[in-house]
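Pasting the structures in now, so scroll down.
Both complexes shown next keep subunit A, but they swap its partner, so subunit B is in the first and subunit C is in the second.
== the complex of A and B ==
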């Protein structure tokens, strides 16, 4: 019972905290993957129930959406890359949306890792669109590479500044980023509408009657690598987005800036104690978030939109969908990539990709919104899901004990 | 005095995910006795009492009150069975009067709806007189002292006809004098027939006030012993499961160079209130200067000003001969040679979601070798963490274990390891052993003495007078933002305790 106490040694560890710690760690890691998967499954299942309630067959509906998203392409081996093939074309369109969603998702995820909720992805995306359009139209005649790079750089920077305003306000006055980014969204939406609208500075000079921007010059357009540039093929922006997933991961995990951002996100008090400038971290994280969204706008504008109308500005939702992408992806690089693909497929498969004879597109579009909403709701409620999960385990434990 | 049991807990078991908080614990309370429940943090004391008070349901076992098996769904059920609890953190409404707080929920009513203040105050006065609890029923709760607030809690429980009173670590917030008064009250209540469960991890208190003592360790009941014949050493052994050195062994201090000098320091808190009002003191290499005081007398702000977390309003902090700029940042103070063991290791000291390796880098992640030009080298962080873990004997996981998964003692060791490994000239330790168990406290105390002997200047701020008395080479008493007393090691507890309450000779 008694043992000599070594001066350097601490209390002897009779308790099994190592075992407990390990188990907790495993549970957290398992919960980290299981929860979002469960979230997606439950969201889709509930969507199916609603489809059923409207008198449609959910199996047919989801099969239609699956086909509409071009996912059947993977089934038919050998893969036929020709986009004359409808499956391949649909898949290229899904990937086009995935490109945007990866970046608008990262825009939410990065600030989240710093403990902030960037609702302003939509506004930052629009600012990126507008800036890229302006550069793309204005510097016609430049060689392609510098023109494209300038467009991308300017739009990325503009998105960063737009979000940086919210970060700056939070750092200096404590203004909550949710409020300020929502307000900045409206400024971006109506600012964009003005710029592209009739008589607006960026309106198409060739067609003064319609509220549409000028068209991006050929020299500023991103090369298409899958499909035809005339049929909105998949441009190289897709690879830029994939690269940004890597950049996101490196930035967070391999730089001092990322260390600061994560420390502040987990515990701003401890970060301040450690000597980290918490306010600077808020600003930087927000600005970088905005840069991801601004880049999304640039790639869309220079990749396939080229021209944008005021109604498009007001109707666009892709930045908001980034919130669901980030939440479902647990604000990680890999998770955001997967969630972006899921939502990209869902979005395209329920709209243009959907065969209207299979399933009513009106209903399908609402299905997307519903699943999006459910995902946000469930991720917010993942505590509840974990609780149910544990309750189930406890129940099983009790049942095992009962016969004893 | 010892009669039949008024309360019995039989085979109480409570499991939480991954841990058994209480493992078939038996406990009985006789009528009119003070029964102490002794154990380290995490031994299962609080869980057991929360079960008794209806806040948790036991997984197994039964509760018997006055021979009748009961099942509590909520605290209200427990209260209805005559059980009252005074929590460590008081459940009082600060802006209401003492009487209003006490009758809350069972107010005497006048004209159908109005609170009958006269009746309320009178019944509170009656209760107070009967038990010798001096409380003014008309005073607002936020205007009375912590010790008086505790009495209000006790009267509140008695007003609800509690015959069994649970006191959860009641002395944690009290000065020695207030604790003495509390023990007096406890004795009077006992004489009046109230049965009391006294939860504590302080051996001397338990021996002073209890009739019987039950020791819990890691969720299991070790033994129940009468006070007669029990010793501190014996109880400590039961609590920890091995021999424990209760006194800190240290040689006399050998003060060297002046390393920390604070002069006429004034500090405002976040709300702009002046919390430090002209504090001067010096700490030399090789000595531990202890600051004693009741919580909230400016100690936190003093520490935060010295470490750059709060702005200095006026006055100076000089570290190793260099006076810090008035608005020094945390980083500047760190670079000046200040190490800081913060009073709240979970809120300030660690990023719990970070790994051990990342936590060790908290102060120097942006300097080589941890990083270069903004580029972080996780491999190097891990290598260093492995070294530090070995050197400081941090247990519970390797460099990649999350800080959250460590026990409290090991979390604190991790903080100390990080601070000491930076080789600071001045080490500020704010409540370094708060919430730790005896074994970990023993380690921390030894470590501080070791660091003192290595030539660091150590400023120890603690709410535990015992800790200051046993560790410090010089003792300063802080009261309402001022230093009201200075004593050599070995000074009397009485005098210091009086100064802590503002009653000393030099009190402002």
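== the complex of A and C ==
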């Protein structure tokens, strides 16, 4: 901000005065570090109060979750890469979930940057899972590299098409993307249940009695780099997800498409006035957003799931968790990465990773949903806090200008 | 209602394009019905004849400018015709397992929770607040309803507690949407996650590994002597749960409340043009708070029906299984109108009831059938059959000046 005094002294030579959008961006980034941290802290604290009120010790509970997430690896045995070690194993599992959450988070974040709310990450993820499973099972006997690439490409494309339907409808008929993505979620869930279910086309031919898909062929499985492939070790999909954080940033900040998407997100009317094809941006943003979620499905299916059942399709919630990840990460690449690690740890640390003697996993698993809900709730309010902050500053500015 | 009565009394009014097209929709249903019990037509004549008649009525309706109902009649005739043909080719015993008389009853059973939540959602959205948190509010009602019935020993107290719990969450949503002017979809989704966590956590905490004890007081069935003596469907619908009847009564009641009273006019004014409403002295905030909280209470009743009505005093984690979202779909499919929402809820309830019986033919197709409500709603919001029109200020926070 240039002070009125500076302006009176003469125009600054080196720094041109920043535009409003830039200043808002700076303010968001500045508030954007403190507010999400505060949000997470308050959500965890309120979760702790519920734990305390129901007669458990929140300190032990959170310590148990911390250990369950494998974060003790950084404390006790740093850099011990042996997976015989429980901390290392738990951490590898946390990172496995982080991989998925980064991508489902990016899916939500990308559409948000275009001013749309993609609630359909879950559906796009399932479409990705199903497609990757189909490719992984079908083309057995192919060499590894083309098989894996085909599986990933097909699933990514399928996710993009699934979300693209919502983007297309918004662009052409104005159908609200929230409603259409919710509907597409459930169509994907029941469609997946049908495909993997008894008598379904993708059901395991070797075992017709159980509603589970066939297993992905060895040639389509992603290589494991940490831990044993027999014990669900961490596969190279993790690096793909990290790379996607960079791709997300580049796409948004260094391409024409990203510029247009952000411009539409700021103000569609102004963008249209500036000659940007708003409808095309809606469609592209939604399709790319779905591609991130579809890729998440591909990496999970080819990385460690291999087989998936009807019940798994119906119970999966990880796409919805992407909403909390993106909102807490403020729809930025770095934020999404950090938030994905937080929720990945929370998710694993409250379920399989948690020692049942320390804290009841039945309670802890629901604690995750509660914290997820509180985070989303408070993020919803922090937009307001930011708004009030800016309004107050503007008011003070006006008061300063008035006497002069 | 008087409108409808007048239309029925005056034969000329029944022959309006709208009336013809609606008759076409009914004929489409009849085309299919003629081939299943209790009529059991085993020839192609009836379904084909009636189906073609239905489509003709639809085309006539479209040519007279009634696009929405006209297309409805064409689609209904086409579906009725093809299903009718399929039915004449299927074995009679299979038909009798699927289309037993109690299909009507189970349609109503599945439609009831949807009706409560869809009417609730409609009230909220008519006042201008989007409510995607219906699922969470239903879930709250389901758990706290059964908990209340278990602890107090009375289903009535259970219902009160359920309604209260749904109201609290709706109040939270209202505060976020109205006072904090937060994104209503974000806070609605937050309500869903929060309700999933809260109900699951307290279910585990209060009941642990053992389930809810058997013998919890549940909402009783109401036997209507006159109805139960009807032939064929009488025994099935003469003995339905009290909440089913309340849901059915709620539909005309909400119609009158929203469209025939001063308060309803205020609610709709806040949803269409809050600034204008404010100018004439309506307190937009108060009206919206009341509408959203009412919506949460109704959704919770729908949830309570799952646990202490139809469920017979049970609870499982995530018991609503997306019914809140089907209710949202029903509300949209019904174009934010009480009878429309109820019609959609019955249609979706029918498709669920049918999906539970279709395994007589094919279990995999039965699963796919569950996606039907969502496909229909997607088609409806896409504007392929007419156009769904939400309230003008739906989802927009209002700031007083």
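Please note the rule applied: the second predicted complex is superposed on the first by the 351 of 404 C-alpha atoms of A that agree within 3 Å, B and C clash if a C-alpha of one lies under 4 Å from a C-alpha of the other, contacts with A are read in each partner's own complex, and residues count from 1 in each chain.
Operating definition for what follows: a contact is a pair of C-beta atoms (placed from the backbone, for glycine too) under 8 Å apart; a residue touches a chain by one contact, two chains touch by 3 or more.
Since we're looking at a predicted model, the values are computed, not measured.
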First (subunit B), second (subunit C), both or neither touched by A:372: second
First (subunit B), second (subunit C), both or neither touched by A:104: neither
First, second, both or neither for A:272, with subunit B first and subunit C second: first
Contacts of A:90 with subunit B and subunit C, given as first, second, both or neither: neither
Touching partner for A:253 - first (subunit B), second (subunit C), both, neither: first
Which superposed partner A:213 touches (first subunit B, second subunit C, both, neither): neither
Contacts of A:54 with subunit B and subunit C, given as first, second, both or neither: second
Complex interface listing, subunit B residues touching subunit A: 17-19, 218, 237, 240-245, 307, 309, 329-331, 334, 340, 342, 347-354, 358, 361-363, 365-366, 371, 374-376, 378, 393, 395-397, 401-402, 404-407, 409-410, 413, 437-440, 442-443, 446
Complex interface listing, subunit A residues touching subunit C: 50, 54, 117, 119, 169, 173-176, 178-180, 182-187, 189-191, 193-194, 197-200, 310, 314, 320, 323-324, 327, 360, 362-363, 365-374, 376-377, 379-381, 383-384
Residue ranges of subunit C in contact with subunit A within the complex: 132, 172, 176, 180-183, 185-187, 189-198, 200-202, 204-205, 209, 317, 321-322, 325-326, 328-329, 332, 362-365, 367-368, 370-371, 374-375, 377-378, 381-383, 390
Contacting residues of subunit A [partner subunit B, same complex]: 1-5, 7-15, 17-18, 20-25, 27, 253-260, 262-263, 266-267, 269-275, 277, 390
